Each structure stands twice: as structure tokens, then as C-alpha cells.
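There are two complexes below, and they share chain A, which is joined by chain B in the first and by chain C in the second.
Our next item is the complex of A and B:
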């Protein structure tokens, strides 16, 4: 299938990209990063922007660096590079592990962390991971930069807090050294979207669970935290996991689709949360 | 229209293209390189996999303008001096194809794997080919062919893993 016609801009810098977005009429411009979500939408004509702004050649948007207690990952860093980056593996192992389950090698060569988050698909793996990691998303617009916490970034199905004239430039992740982690994903076939996924981070202390962070994939119109389970695990002994996981779906409103009913998704959230937290505990 | 220059299978091309032109359509319809098929048009099947600057990509999910300044290798660029690539030979010898539709993508994805991991386990081969579907379900021999090609390049390898298939 052939996308509808559009104009094409390839800015060389972030400032130029923001200027292009600022000059474009609202709702008519789309940012193209790796294109692994946008191009299928264009091909199916589910999206038909009049202008595509290709940020794929902006070197300042790529790469991983440390900034004190945080990791800073350029929005254009590909999944392939995230998985192999030694800093990500050391300080945000959950992100590397979850990214390795995204799609397949060819898609991971092109797809980017920032693109995946900006796409804000609740069935995507990385939004829930960003939420569990308490990531902060840095957007640049005509008025400068602003930082949006992950819990405020995902507004609704395929809707982020980015304004039409803003570009997601980097993702800041507080280092989680010493935390156990695991991403547990249930899908119907090898490369399919998660029917439900659970991203778990757990910190142990003196033989019990000090605290946990649990992100849920595809349990509503945005990624969610399993707050009731997190509360039940705080200060709990390790054998309390199964019971705490029973509240993993509390407060969620998962959708129905050919893969699963809401009831089945709630069941999966409980089972996968138990598995993910146990695996994170090691 | 946007002007692009791209090298495909060793030949340099300069072209005016519409920004919406997909790389797969550029390769097939403009350059006549029909060795790379279009399978699903949804990014699922991997039949259209090519190498873009050293990495496997699904050419239905890349715009031709995104390949500007890049080097593309398709399955048609693998043979050297009339001699088939080790993966092509192995797919032939191990019966790694039935209808053959997925084969160009399978070979390009396998080539990407072997460049990064020259001595993969059967499990690693299966994971690397996760994005490539064979509707004939001929996966056993495809995996066997990839392992055989890997062994050609690393003769010291013990053939125990093939027996485990």
C-alpha cells in the first residue's frame, strides 16, 4: 500500500526541527524518527499528515550519557543500541531487557526509544517501562525545554503530553543500581504486541522487599502502575508476593479485542505480576 | 520531489522520488530489483528485508528518502563473481525453502545475525528470524541452513547442535 502524499523536511538540528514544527499548521505535521510505528500507519492511511519532519539525521539526538544519578538517553537512540549500551545495562537493566522483547531485530535497528514513547501506544512495551523507572521526558519547543514526568506524559490512547510544536529530545532515567528487574510479556506469537506485559523493579533489604515499581502494559488507554501491589509489597517479606500480585489489576480498565477480554487481561496482569516480581527478586 | 543518491548492490543511483515512496517500491519499481518481494505490507513478515548501511531493515518500513546517502544490499547483491553466498548455498543444499517467497528476507536476516554472531545456537537463530515468516512453515530446514552456513565460516565448530534440532 502507498501512503498519501506529504511534504518532507529533513532538519539538521533540533532548533531547525522545532522551527519547522512551529511553522507548520496544527495537526498537520508528523515527526518521523525510525518510522517503525509511523510508516505502517501511513501505509494503511490511518495517518495522513501534510508534512513529515524527518529527525533521523540529527546527531545530537543520539547516544547515552550519565548525568549524576541519572542516565540521559537521546530520543533517537535505536532499540538495537539501547540493548547493547553498557551504561543502560548497568544502571537501567529493565530498559535493556524489555527493549530486547520489542518486535524483531530488523525493527529494532530502525525503531527508537523516543519514537516508541512519543507514539504512546499502551500496548507498546516501553511506555510501561518508562513509567516503572520514573523516567522524565524532555521536550523542546519554541520556548525552550521542559521536563515531563512519565506519569504525566501518557495522556490517552496514542496521545502524549507533547505539543504539536514540541520535539521529544531526551529521556532521563534515575539510575536503579542494585534493584532487581524483570519484564514479563504475554503475546500470542513471537513478535506480536503484548496482550499484557508487566515491568517490575524490586529493591531488597535485609531479606525483605523494601520497595517496588510495577508498570503495566496494555491494561488501559495509557500505561499504568500497579499501585495497590506496590503498596502491599513495601516492607513485605518475600513470600508475600503471590498475595500482593492479586491486586495488580485493581483500578485498571483494560480493553477488549480479539486477543483478550478485559477479564482475561486482569487475570494475566495478576499472574504476570507475580512472575515478574518473583523473577526480579531472583 | 526529493533528490536522493543511493548505492544499491554496488551500483550508484541518483533519482528524483516522491517523499512517500517506500524503499521496497523504489528497489522493485524504479530499479527493477525484483529479487526482494513484498509479502505482507504490514511490517510483520520480513520478506522485504534488505541491508541498509550494515543493518537489516524491512524495506516496506523505510522511505526511499530515508535511504538517501546510504548503501543498500539486497539478496541480488550477495553473489560474488557468479558464486553464490554461503547462505544461498546452504539454503539450497539444506532445502531451506519450499515456495521460496520468504527466502530473500530469511537470507538477509540470517546474514545480519551471522555478522554479529558468527556461531549461533539453534535457539539464537530462531530468535534472530523472529521477524521473518515462512507460510510454508519450513522453519526446521531454514534453521538448519543458517547453522550450516555458519559452520562453513567457522570450521572448528562441533556439529552437535544440528543433531539437537
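Our next item is the complex of A and C:
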């Protein structure tokens, strides 16, 4: 459990960090934020970066602010801070609720929102939440900043749209005031990864479901949206939820591991989607 | 009498009291000599190259590229060290014709499990050692893995040890009472079930570690190891490496848990000793968690066929048990004996006329198995308690009632079980009545019925486990009869220091149990000295030279009893000195709370602590008396100890997701007299956690190639406090008759009892839906599949 040797850089600003990453070829540099995903990979020698760029002491990457209809959360904001932030709780309650289910208090004090998203683990809770929230991820590279919608950010298993010379700097989340929300996480032990998780956002109008956003954790190589269920729920009465949830696993390709087969995961996705949407409806 | 726990269990002030543990300040702060904390000048670090495959021929090992790496001092293949190390020992060849394969500490010609050591690298720091591992070149020719216990026994199956010509390690039969066939003839009901004891990976909080410091000039070695068995280890390592026993000191410093996994003589310990001898330099090896998953022995791994014959009224007539036990690739210290410890426990607390048992040990290309908390008894208890539930269901009886109709009644003790054990004391009725009341059994049954009638999605189930177990290992003659290589005695000595302080030297080797506190309580009571004035010396063959160490819930009932006896001897010696000094006859002396006084003249008094100084000065001792009141005592137990109890578990099972939630858990254990109730409760809690873990969470999963899939704590789920319910624990107290403390072992009871209570509860919840078993661990997926299969079967039959 000792990582292979690597060089270490600790830039003080985003510009300096980007400068350090610039020119680094793929797989050679890894960004270290809270270290809760990267360090285990290094210690198990599943990752062999030649350079680790520690962005942990860049103050401008921390904190939550409002920007019109969006919340802007610094990539380095810890899970603990996200959970307690009044702006997040008011405008993106789903994120606060889901983040509270991440691992354990020790991990939540070190781990960061940006790190969790950049890690792009489909079994992580927050990628599916970002997807359901239609978050936008802001990356800074040598050529400046660009914004990537969550739908395009998660490319494959542990693979994001970030380029090797880019740093994820902030996450922009459209405010979802008035939406009901719920994160239904199914894990075998409290500290284990989700076998399946369902992030649900629902907007009601005149006793009907106006629209919904449903993100699925661990149902494929990336976080997914339960699009068929979302479509079935649009404009539907509340009692249509059970039926709509039956299509929650459509188009998914869940993996197998000692805790769950693909078939069982698909079953769970249907049950948990029904429960998540009903809970979001209140 | 039962139910006396509100009163102190002993006559003194200390025994029976929940003393906070003396050892905890250093254990919980880590300010102690964990083996990995030990550092000496010039220390070198070992790292071990391990086989990446389950079974292969080693064609070539070249360590020379590793020598080129920075910081590397030496590197050795198995062949390089073969001359200095013999086979690792198996101390329990259970039958005369057992197959005993050679077990080199580092594989030489063939690797037989993923994780088998292949080479060792020695470097100036642990980072250099870890980095150099990849430089060692090993060529393998893959051989077929042997994974299925039944297929392994078939004609023409690939062999784990080709030179032995078979994968069958041994057959160990036992038959007592009438023949099972005869009672089956007259039985109204015969049930046969197969249960699977999955492999478990012990997870002591402290990984294994070893440090060896050589004294080249005198050929002496000190070996520090995170072990449960410093005394046994010294003898065995001396035999393996040829370092003479009197030149080898073994120290088990504070050790962070074992659960049986450190009841072992490990290859790494022999390797460290051999390398230190080879280089004349101190060395250290510390395993990582994932390395430990591969190379620390596993537990369980048994297929159980169990058959029960009974009358219509639910009276048991006989029991037949047939086991296939996974030895893994090699026989380690007590590997073959683990299922045999269970052989005597399948009849449990029940009376019957016939009992037949057979265990077949089978080699596989997996990590060797050996003792894991409970060691044979959890497996036995699981199978008998589960089939009792099935029998109750078959007969339409309440599972508690079925047990009541068969258990040994309290007035029948001492009772010799059909398996030949003499249970000295117990009161199953009392423990059960108390548990049922605490649990609210009848209310839960009626709630269950209502919910079943409503067809609730979330079902309620109730599990019952009325267990006993045999512990306090062990009477030496019984061990002889079981072909175990050593005895089961334990030693203690008491040193009365000149200032009146007391050192208790024990041969037990605590690794979390609280011996320092409990032994202090026992000695303080007998000697009448303050608890704070007692210190306990342990875990060092130089300081505590005699002992058989700690396992099998033996420490208190054997080692604690030795402390008690040794302290009594000290009092008797001190009495002679006191009589002399007080110019009185020994018979006229009273000894109370550490004070000798002359009957009728209360002013004529001497404390035992004053006598310690008088003995030290030796100015005025009785003529001819040796100038010491120190004493030692060795206890060879006359019997095992038989804790028992009733565990009740209520679960809520979500039939949609398959998830099980433990709603309540009540246990009433009878562990005899209690020295420290807080420590007993801690043992019960920890035991329950591990038993529940087997029921719901943990399993060593291998793929078809023999690779360990559940290779980290992310895949092998060890529950934490959040995952466990609030335990309601209580006790009854029928004193053991086989030791002066009246104590029974408690270290494993919770683990032994709880697994069937949990699984029984799950099956009970789902029985109305057609489920009669769920294989452990009862993961949500397995529960969901059991429900799906039951539905499919119902569809077929209707």
C-alpha cells in the first residue's frame, strides 16, 4: 500500500496550477484535491502518475456564491462545507442531501465536490446528482475557461471530458427552487459505495408532475439519466409514478460485482426510482 | 441459582466490578509498541513478491534486477532460503493417515494460491522495498486451479499437491449412541439440508507485522510479532529455522486484535528470522491490508450436509453431519482441527439417541484456512440451529417450543452429551425465559402474523438461537486424544515486589481482551491489595517464559484460574511469615483485605505488602524458609467450559429490494461468574458484530481462476457500528464447576450464537412466501433471488 514514486507540485493559484499541467502528457499528471479517490488508487498502484499536482491550497477554488439563476460552487469545496452551506440548501437541496450520504464524516471533511466529479466514478453519488441538476462544469486550461454540461462531462468509467492540461475550477448549478428532491441510495453498508442510487428532482404544477430529472448512480460506465421515466412523468398525474418507474433501467448497462448482478441492479433501479420520485413529491 | 448478576461475582471487592481497562489509554492513543512502531538502528525492510495466480509451476525466479534498484540490500528466492527454513508446521494432524504436504515459507517449485510468497526483497526503507518488488522476474507455467470442494475429490481432478496423489486431506469420523440408520427407521420426520459456510477474512485492526533483531556475536535473536501465540511461536520457529529455542526470544508487544488470525506460525515470521540471520541485520516486515487479505489465513469455508430424525411430537432421535472442509492450499498450525472442534458441538444443547459425524478435509488452491473467532463451533451452531428451525416449521411448532422439548433441563446437569462432552452447568430454561421477556416475543409474533395477513411489502421475521459452545482450551489429555501436538495448560506467577507492589506474570497473550485489567482484579482480590498496585507482565518469552497463549476463549478460565491459584499460594507463604512476625500460630491468623491479624488481638497485624518487604530484607524469616513469597501455578483444566445463552433477533426484510434490517437483537448469555461485566459486554458486542457480519455482509469471493475478487475493504464489507442495531444484552449466571472463578469463556460466544439467529430471522420472515433458506451472506441480491425462485416454484406447483 505504498504508491510508486512521483513528483509533487503544489501551486498556489489556478493560473499556476494550469501552467503546471500545461504540456503534461496524458496520464503523466494527476490533480490531487481532497485525495479521497486518488490516494487509494495510488496506494493500490492502480494509477502511476509521474506528477501529482496538489491543488489543495488554492483558496480561490473554495466556496459557494450566487450568480443570477445559478449557484457557483468552487471545485475544492469540501463535502462537509457543501452540506452545511445555506445557499446550497436553499437552491440545490438535492446536492446537500446526496452529499450527506457520501462515505463517512472523515471522508466528507477531506473530499471535495470537484474531485468527486472529476474522478467520474459512476458509483460515486455526486456525478448522477450533477447530471440530474443539469450542472455545468467549468474547466480552466491554457486557452482559458470553457463550460461543459454535465451530460457531456462524464465520458466513460473514470473518464471525464477534462483535458490533461485542464483543471476543474467550479461547478455551476441552476437553482431548483420549488422542486421536490430526493436521493435514494442503496448500499450494503453505510460506508460502502451505492449498489444503485437514484437522484430525483420533481416539479409539480396543479397537482400534476410538470417535469422531472432523474439521475442514476452505478447503472453503467457513466452516470445516467432515466430518460424514459422522465418522459413518462412529464405532465403525468402523481399516480403514474409506479408505472413510469418501470422504465427506469431502460437503456442502462449496469456492471456485475460481488454485491450485485446487472439484472438485480436493473430491478433496484426501478424500485428505487419509484421510491425516489414519490419521496421527492413529498 | 441463576440471575445473581447484580451481586459481585466474587467474594472480594474487585471481581464483579466494571473496572475501566488499564490498558486502554495506551491502546486507544497508539502510544505503545505496536510491532510496526518498533525501530532500531540499521533496520532493513522486507517486501514480499507474491504469486499473482492461484496455481502455477515456478520456472524461473531472478531477483538480480531488484538488486539494481536504489536502496535494495538483498533479495532472495524461495530456493535461496530453502536451506535455512524447513516446512511450516501443522500441530494438529487429526488422523494417523492425514495427508501432510510440505509447506515452504517461500514457494520453491510451485505456487498454490494467489498470494503465495515467491521472493523477498530487503531494502533500506519500506518505500524502496515496495518499489523493487516489480523488478523481481518470475516465470510461471499456469496449472489448473482447484476450487470446487466436491470436484476436487473426483477421480482425475487436478491436484493441489501432485506428489500426494489426492486432494483428500483426511476423513475424520465420529459415531456415538445408536446408529443413525436405526433411528431414521423409527422416525416420523427426517429432514436433510445443505448449508454453506462461506470463507471469511479475519480483519484484525492491526495488520500483521514482525521485527527481528539479531545479536550476531552470541547467535541470539529477538523476534517481535503481532501474534497471539509468542510461546508457541518460539518453539515452532526454532524448529522451522534451526535457531535454538534458548537463543530465540519472542515478544508479542501490544497486539491489535487477532480473532484467531494471529494464532499462527506464518511464513513471514520464518522469513524475517532467516533473513536477519543471513544478513546479520535487524529486519521488519509489515503487511498491508490488501496483502493481508491474500496471505493471512481465512476462516470457515465448509459445506455442511446435515440430517435430522425426529418424532411427530418433535423429539430428536438422531443427527447426521457430513462436512467438506476447505483446507486451502496448505495445512497451517491448526487448519485440520478447526472443523473437528465443531464435531462435538452439532448436538448442541439437545438430547438425542444417535449421532454420526464425518469431516473430509479438502485441499484447494486458495489461501489456507484456520481458526477464526469460534473456530468450528459457529459452523456447528449454525447448522443445528437452522435445521431446528426447519424441523419446527415442518412440524408446525414454534421454534422455541421445539428447542424446549429437546434441550437438557437444568436439573439434569452435569450432563454428558451424545458427542461425549460433559456439560458441567447451565440453565437453558432461565436464559430463554429472560430473553423472551426482554424481546417481547409474543407481541412480535402477533405483529408478524398481522403483517403476513396484510401481505406487507416489508416482512417481519424472528430468529432463535439457543446455543452452547465448548471453550477454555483445553484439557491436555483430551488434546492428546484428538492428536493435537501440545497441551492445554496455562501458567501464572506472582512476584511480590519489595515496595508491596505486585507483578502478575501470565502465559496468556492479550490482543485486545483486557487481561491486564482482569488479572489485576483477580490478584487484587485474593491478595487484598489495591487494584492499582498490580501490574501484569505478558507476551514476552523472556519475561513471561511459560504459557500456551490466547485463543479458544481460554484465557480467563485457564489463565485467570492460574492467577487465582498462584495468588492463593502467595497468601499461604505470606501467612507463614506473618505468623512468625506476629508470634502466633498460623491457625490463629485471619486474612482479610490484605491484612493478617491474630484472632482476638486486632492490633497484632501485618499487611501482605509489609510482609513483601520483610521477605525482601529477610532479616527475620522463619527458620529454613526460602526468602520469597512469590509463587507460580500451572492449571491444566479438567474440562472445557460451556457458556450458553439464548439469542433472539427480529429483522425487517424488504421484499422488493431484498434488504434486511435488524430491528432488535436480544441476547441473554450465561458465561458463569463474571470478573468484569463491562469487558464481558464488550466481548458480546464484538462477537455479535462478527456473527452478524457473516450472516449479512462478509464473504471471500474467488473467480473461476482462483483470484480473490473481494480483495479490499471496498469489496469485502465489514460492517461498522452504523450498520448494527442497538444490542440488548443480559446474563444469567450458573457458575462453571471446572475452575475456581466459576467463569466460562466469553470471547467467541457472541459470534457463535448470532449468525443463525439472523439468518433464521430472515428465513422466518420469508417462509410464508415460500423461502426455506438463503445462502450466507444474505445479501439483498440473494434474498431477492430467493424470493424470485420461491415465486417461480410456487407458479410451477400450483
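Operating definition for what follows: the second predicted complex is superposed on the first by the 280 of 282 C-alpha atoms of A that agree within 3 Å, B and C clash if a C-alpha of one lies under 4 Å from a C-alpha of the other, contacts with A are read in each partner's own complex, and residues count from 1 in each chain.
In the analysis below, a residue touches a chain if its C-beta (ideal position, glycine included) is under 8 Å from a C-beta of that chain, and two chains touch if they have at least 3 such contacts.
Small disclaimer: the values here were computed from a predicted structure and weren't measured.
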| item | value |
| --- | --- |
| Chain B versus chain C as contact partner of A:6, first or second or both or neither | first |
| Contacts of A:109 with chain B and chain C, given as first, second, both or neither | first |
| Chain B versus chain C as contact partner of A:56, first or second or both or neither | first |
| Chain touching more of chain A, residue-wise (chain B, chain C) | B |
| Contacts of A:80 with chain B and chain C, given as first, second, both or neither | first |
| Contacts of A:190 with chain B and chain C, given as first, second, both or neither | both |
| Touching both chain C and chain B, counted on chain A across the two superposed complexes | 1-2, 4-5, 44, 104, 190-191 |
| Interface residues, chain B side, partner chain A - complex | 2, 18-20, 22, 25, 41-44, 46, 49, 52, 55-58, 60-63, 65-66, 109, 112-113, 128, 130-132 |
| In the complex, chain C residues that touch chain A | 126-127, 130-131, 288-291, 656-657, 659, 697, 699, 701, 709-710, 712, 714-715, 717-720, 722-723, 779-781, 784-785 |
| In the complex with chain C, residue positions of chain A that touch it | 1-2, 4-5, 44, 104, 186, 188-193, 195, 257-261, 264, 267-268, 271-272 |
| Residue numbers on chain A that touch chain B, as the complex places them | 1-8, 10, 32, 35-36, 39-40, 42-44, 52, 54, 56, 80, 103-107, 109-110, 190-191 |
